[in-house]
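Some structures are shown below for you to check.
Two complexes come next, and they have one chain in common, chain A, joined by chain B in the first and chain C in the second.
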Partner chain A sequence: MNLRKYLKVYKKFLHTSLASELEYKANILVDLITAILSLVGSIFLLSIFFQNNGYIGGWKFEQALIIQAIYTILNGVTNTWFNPNLTEIVKHIREGTLDFVLLKPIDSQFFISLKKINPSGFLEIMLGFFLLLFCIRINQINLSLSFLSLSLITMGCSICILYSLWFFISTTTIWFVKTWNAIEVLRSFLYIGRFPLNSFSFSLRVFFSIFIPIAFITTIPSEVFLGLSQMWKILLEVIVASVFLITSRKFWLFALKFYSSASS
Partner chain B sequence: MLEYRVEIALWAISGIIPFFMLNIWTNNNLNESLNISDLMLSRYFLCAFFVRQFSVVWVVFSFEEDSLMGKVSPYLIQPLNPFFRYFAQHLAEQITRFPFALIIAFFFFILNPESIWIPNLSILLLSIVSTFLSFLIQFLIQSIVACLCFWTEKASSIERLLFIPTLFLSGLLAPVVSFPAYVKSWIYLTPFPYLIDFPANLLSGNKTNISGGLSMQILWIFLLFPLFKKIWSEGTKKYTAMGS
Partner chain C sequence: MVQNIIDVKNLSKSFDISSKEPGLKGTIKHFFRRKTKSLKVIKDISFEIKEGEIVGFLGANGAGKTTILKMLCGLIYPSEGSILVSGHLPYRRKENFLKNVTLIMGQKQQLIWDLPPIESFYLNASIYDLDKFEAKKRIKKLSEMLEIDEELFIPVRKLSLGQRMKSELLAALIHEPNILFLDEPTLGLDINAQRNLRKFLQKYNQETNATICLTSHYMKDITSLCKRVICVHEGSISYDGKLDLLLKKLSPVKEILIVCRSEKDAIKLVNSGFTVKNKIKNEITIKIENNSITSSLKTILNNFEIEDLFINEPPIDEVIGKVLIKKDYDI
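Entry: the complex of A and B
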């Protein structure tokens, strides 16, 4: 792996996709309003839940807001990188243009996972960070070096898990050709990430920590912010994230063996 | 349509958010203050799931693709408004989705056997009518948005924007009765509560104003239809046949 080459290629990716996305400036504005409204909507929903209850699943309203902030950041990351690229994979496979990607002297997973970028997701990430800063103030969290590094690690792991989930589903396109609806299912499951895991019943909690580790994605980073998380949970998240990353890579290489191009 | 059975099964699964919400509601006893029992709430969310299954609309995405690919041009020559084509597609898919929705409902009843109920025939008919009216409202709204394709090319981002209030205000995630008073004062004037909350309440046997709800639904259809007509006739004049 030649790191410098990959960095140089990535710079070119950024340049071309930003140039093409900025063609639709009005679209970016609409997407920003959508992100803001969706955050307002979910805070509204939370406020309904907390109307008559001080606690939900052991979380106070101010604490549950942290989960919203982290969800918004991760959703922004999804919209910036994962969504535009991985929907592209589906197109590549259906139209047979994956051939051209495979012929390039560059890692195919790198190419198809990072080729495109959607700048309107940045605004969502910023929105999430603002809310997070606000939460740090109202929850009176003391910032220290160890805390910052731990939260960065857990957030990084969440992003890895999220990426692997998306990539996993997109890879299955090689067999099923159409996976839009599988992506919809993933989206609706990810929606659960907006709420603390403890607010669900035991069976759902098990489901969302073992089969689809949505629990790890938002709840553990939020616990780190509140200083509630035990060390073993953080370690577990690191392990889960690396297992997911490695499996998604292996799965991609495995799936490529079954790729039989289209209409050529 | 039957070619894509797996697709449609996945579609049906992707609509299960109401059940997750039900889980939060009952698991935290949030309904105590609302005077709705666990039982009625579970029926409400099951009905919300059903209503959603049969009122999902995606015409804007189909139309955007067709208009970007230049497929709209041949449709325009035909003596039938192309939206009838999409309308028929939606209806066909709703019918195919019915068995999958029933299977999900079946599992729901196995897990919550106490929530089984049989609505009487007139209520059942009325709620089918109101679900269809809700579908019509959403179809008209999305068709209006789809017509914006004639001006902006990417109308689906406007649809995503409109989807947010639909998601939070229609009663899919929380019944409208649970909303705070400052929202309840104006929400019944908007079309949102009639999309899911009203048909779901009707079907599940919760308290609701039947004649008021139905007349509001019809009123919105009468308001939206001329708007669609107008924007359609303006838009087709603007149409420039892309990609052909």
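Entry: the complex of A and C
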């Protein structure tokens, strides 16, 4: 893979999608306001849960806020990259415009996963980081190099797992043509990621760890921040993320053999 | 000797198609137990195309023209048989192969809708690893050939269909491919835009010796661009050869409208042994075989009082229309 070429193409992707989005100023403004209101609403909801009881699943409100911060960052990543690109796969396949992507001398997964960005998602990422910094202060967390690297690794793994799940579902469009509902179900499961895993019953904990690995997406990175995570859990998250990423890649290449393009 | 650039042998393609009975009952049945059957849309076809040739694929809707084109450019896998395009197996989509081909579809677009076409051109240039200087040079050259200038800087959504199609062509040709696959490129364009596009394709073929495979339902596209046509009928090739030979075979006679000086002369002409198509007062339309046109006209002009005379070619659409419904043409 020619890294220089891919960087050049990504720079062009950034430029063209920013230019496209900035054509519609009002839409950007509405998106920005929605991002702020959504975060305020989520914190308010969380505070209601903790109003009568100081602890939920062994987590204090200040600690649960870390999960909210990580969820906000991940949601920002979702809105910046996954939403504009991965939902478009369904459209590409239904309308047959995937033809243009497949005939370009560039990796098709790279093209369809990164072609667009939604700038308002950046605000969510920033808000999430601000909230995280605030949580670090109120929870009196000591920042060290090992702590920062572990946090980045677990957050990176979370993004990989989320991306792979979403990409996997979108790829099935090649056979099923319409998979919007499955993506919506995935998004609703992600909302659950705003709450500590321990606050759910044992069976649900198993479900969210094995079948839909929400636990890996928000809870493990949060535990790293609070110094509660064990090394085996972090290693497991790295393994799960690698397996998901490789599987989604193999699945895409396999699915393309069944692509029949849309009729003209 | 000119090399074959496309080599197709015993190519077949099948698709799994599901069918549904009408009504609510049919819908429910279709939801729970979908009946699918394998449909062979391309049946054991073979042909070769030489470098620099312009070949038109003719056929009715659903005959399989687009499927052939999509297999040639590597978008879909063949079920049986072999395809070699420029020495590559197209469905492997290797970088060297993709840098040599392009696909233009009249009803689909790759330009970024909200931005001027120039942005899409530079994006494509970076994908084909062209530096800014080279990209600029190629955009300038192609835009001059396509006669577009200011349109390059206007958002795509504000361009007319003709301007958009020209921009689509530019985006698809920026990497200077030597094999072009065009699927109904003039669809929906007005007469002038169609003519300009054809002029451009002719020029591009002459200047670069690019091979062009074209499907179109506009016969003018085929007659003005293609010396050779491949007729596809229900997934099989019904004719592969020169277009003019096909036309001669399909329309062996010409129609001649003769305006006689009087109705008396017209009646005399009717009774002289020519095949008369119709007669209205002093105007008669007769049919004459292509190989006896000169001698027949000489006889008519020498023996009858003629006021005017028109030789009509049968409409090309009508002639080609016969190809679309007939299975085999031996010429």
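By definition in this document, the second predicted complex is superposed on the first by the 263 of 264 C-alpha atoms of A that agree within 3 Å, B and C clash if a C-alpha of one lies under 4 Å from a C-alpha of the other, contacts with A are read in each partner's own complex, and residues count from 1 in each chain.
The working rule: a residue touches a chain if its C-beta (ideal position, glycine included) is under 8 Å from a C-beta of that chain, and two chains touch if they have at least 3 such contacts.
Remember, predicted model here, so these are calculated numbers, not experimental data.
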item: Touching partner for A:33 - first (chain B), second (chain C), both, neither; value: first
item: First, second, both or neither for A:259, with chain B first and chain C second; value: second
item: Partner chain in contact with A:200 - chain B first, chain C second, else both or neither; value: first
item: Contact breadth on chain A, by residue count: chain C or chain B; value: B
item: Partner chain(s) touched by A:20 [first = chain B, second = chain C, both, neither]; value: second
item: Partner chain in contact with A:226 - chain B first, chain C second, else both or neither; value: neither
item: Partner chain(s) touched by A:104 [first = chain B, second = chain C, both, neither]; value: second
item: First (chain B), second (chain C), both or neither touched by A:45; value: first
item: Which superposed partner A:95 touches (first chain B, second chain C, both, neither); value: second
item: Which superposed partner A:191 touches (first chain B, second chain C, both, neither); value: first
item: Touching both chain C and chain B, counted on chain A across the two superposed complexes; value: 24
item: Touching residues (chain side chain C, partner chain A) in the complex; value: 15, 66, 70, 73-77, 93, 95, 98-99, 101-103, 105-110, 112-115, 119-120, 122-124, 126-129, 155, 183-184
item: List of chain B residues in touch with chain A within their complex; value: 4, 6-8, 10-11, 13-17, 20, 23-24, 26-30, 32-33, 152-154, 157-158, 160-161, 164-165, 167-168, 173-174, 178-180, 183
item: Residue numbers on chain A that touch chain B, as the complex places them; value: 24, 26-27, 30-31, 33-34, 37-38, 41-42, 44-45, 47-49, 51-53, 56-57, 176, 178, 180-182, 184-185, 187-188, 191-192, 195, 199-201, 204
item: Contact footprint of chain C on chain A as seen in their complex; value: 2, 5, 8-9, 11-13, 15-16, 19-20, 23-24, 95-97, 99-100, 102-106, 257, 259-261, 263-264
